[in-house]
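Below are two complexes that have chain A in common, paired first with chain B and then with chain C.
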Partner chain A sequence: MSATEIKAPRSGQSSSGQISEKTTAGGRIAPQYRRSGSSKGNFEMLSWLFMRLSGVVLIVLIFGHLTVNLLVGEGIHAIDFGFVAGKWADPFWQVWDLAMLWLAMLHGTNGVRTIINDYAEKDSTRLWLKIVLFAATAVIIILGTLVIFTFNPCPVVNGVQLPGGFCPAP
Partner chain B sequence: MTAELAEPASKIELPAHIGGGGEIPSFDVTLRVRRYNPEVSEESTWDDFKVTMYGTDRVLDALHKVKWELDGSVSFRRSCAHGVCGSDAMRINGRNRLACKTLLKDLDTSKPITVEPIKGLPVEKDLIVDMEPFFQSFREVMPFLVNRGHEPTKERLQSAEDRERFDDTTKCILCAACTSSCPVFWTDGQYFGPAAIVNAHRFIFDSRDDAGDMRLEILNDKEGVWRCRTTFNCTEACPRGIQITQAIAEVKQAILSRKV
Partner chain C sequence: MPTKPAGTLYRGREGQWSWVGHRITGVVIFFFLLVHVLDTSLVRVSPEAYTAVIGAYKNPLMALGETGLVAAIVFHAFNGLRIIAVDFWKKGAKYQRQMLWTVLALWLVVMVGFSIRHLSLALGGH
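Then we have the complex of A and B:
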């Protein structure tokens, strides 16, 4: 920041973090309106930027995904277990689906996070909703990533091969 | 004195069908006012007042008539009564308006006209709210010129183009119609609010001002511009027609281009 001496006033807080009623008229403000000090860092700016950028990328990824799966070739009739297995054998589609999973999950989670911030009225409600949200997000992202990379189209269980006409004989 | 004073004869001959010169249509309206008096009850109630008003009357005139002739305890703020001071912002038929700029004939007079205090700020009595949290956010963005250069002997000159850059946001009258129309502000009152951002914009984009970076830093707060969800409620509510959502977007852009 440039070299200026004027201190920006904060609601009810002086630079030392003490409530100072003389300088900021903090005493006249109903306590629920008092902001709890300044937030350092650019997290809200970065999350705002992420929403815009991931949104643009997701448009490309999702419409590419829909076109390839539903329109190209035999279209929707070609989709079966083998089709998905074939796609995930290709690193290109692995990366595509991984990007789609991560961006969609983080984009959606961030959106719900802002909705919780906007609409939850109590701090405790806010905290619990966010814990549930982040836990669900973590489970889905980890599980999805695991599936994309460890997907085995021809699993053998107890020496018996599970059905799949395209699989080589064990 | 019972003798009626005869009107002076008109100097212009009017045909009979035109009628009196200053004849204004009159109509009955029902004003449904949100009442709150903490000395009597913590509950707010609705009071209906039926008044005969004229086509040139505003909601403020109806409130005056109620206060002066029907119920003197109805409390509201107004100062200039001509849309400049910003004292009489209230929720009229669910929309934030200045009572002194809202003509009754523009509203649906067949139904009661609801008049409530603006939302999101603590109500003190009837239509009067505590504006202190609103003004605190305004003060925090430092709405005054900060210049570290040499004090000029005359005025600080500025080109017409530089002045045009922030012309829109100079129009703010601090009525709080925008901030109290914002759903994000309604939730917890922590958001700086559109009015504070508009007044920061007025100085951030002023070529004579040197503290733009500081104001951008203040509005980069977690309760700053990033809480704006671009619902355009503020732009719709502004009695001065300021393009508030656009001003907020310009401040967002300025923070981004400074940081990224």
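Then we have the complex of A and C:
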């Protein structure tokens, strides 16, 4: 009876001294110790990275948004339909607000998703909270995007310009 | 046997409270954002509907609310930069406490400036 060979853990060495398939397949870490299953990929790492990258961009977008809308000129008194119409008549502000809408909603949704994962202990509770969250996010992003792009800064009803619009001089 | 947990860098100190603050401000901003997209979407309904709803915002109570919202945004923004520094800067974890106090100092400066400007505009009449 031959002696049982006891291998060092994670050595990846077969009894013949060759490196086994088990270790080399996944790179430097044996598959049983890898944190992400093959089905999830590295989604959580990408979400972590997204929070940091979108966060930096959002600081520029939102600080600009607050400065232009609240601090310049007569501030909040200036905000009415004509103010919004004047901004969205310009593709620069359309793109600015579109980027802000998408990045802020995805950043916020991902943050709330993390909070749900942290505090909701039951699987079914987590599932339902996330269904509600993702549904709300989809509605807000689609609605906001449609409003930015289908908006008419100079609304005309029955041939009459509505008051407060941002109409080019006739 | 220690009678209480030995001090850690994280528990009950700057690291933990900034994390709590980041979560709370984040949730507040998120729910505001949902409402803000909805109210702005009224421009698609009619000029009157939008201007009427925005007009309802223009009172002293909402001016204070806006100031609180901006306070939450500015903290979340500056503390977010601190988190990025903790994650990506080699000495970030070592200086995380000092960075939090820097965040709070900058937050105070920005908020004093913002409050003076916004509240004098919003409350000062027209």
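Here is the rule we use: the second predicted complex is superposed on the first by the 113 of 170 C-alpha atoms of A that agree within 3 Å, B and C clash if a C-alpha of one lies under 4 Å from a C-alpha of the other, contacts with A are read in each partner's own complex, and residues count from 1 in each chain.
In the analysis below, a contact is a pair of C-beta atoms (placed from the backbone, for glycine too) under 8 Å apart; a residue touches a chain by one contact, two chains touch by 3 or more.
If you're wondering where the values come from, they're calculated on a predicted model, not measured in any experiment.
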Touch count on chain A, higher of chain B and chain C: C
Which superposed partner A:84 touches (first chain B, second chain C, both, neither): second
Partner chain in contact with A:42 - chain B first, chain C second, else both or neither: first
Which of chain B and chain C A:119 touches, first, second, both or neither: first
Chain B versus chain C as contact partner of A:29, first or second or both or neither: first
Which superposed partner A:62 touches (first chain B, second chain C, both, neither): second
Chain A partner contacts - residues on chain B that touch it in the complex: 122, 130, 132-133, 136-137, 139-140, 142, 146, 148, 183-184, 187-190, 210-211, 213-214, 217-218, 220-224, 226-227, 229, 252, 255-256, 259-260
For the chain A and chain C complex, residues of the former touching the latter: 52, 55-56, 58-59, 62-63, 66, 70-71, 74-77, 79-82, 84-85, 101, 104-105, 108-109, 111-112, 115, 136, 140, 143-144, 146-147, 150-151, 155, 162-165
Residue ranges of chain C touching chain A (in the complex, touch as defined): 23, 26-27, 29-30, 33-34, 37-38, 40-41, 43-44, 46-48, 50-51, 54-55, 57-58, 63, 66, 70, 73, 77, 80-81, 83-84, 87-88, 114, 117-118, 121-122, 126
Residue ranges of chain A touching chain B (in the complex, touch as defined): 1-2, 4, 6, 8-11, 24-26, 28-30, 32-33, 35, 38-39, 42-45, 47-49, 114, 117-121
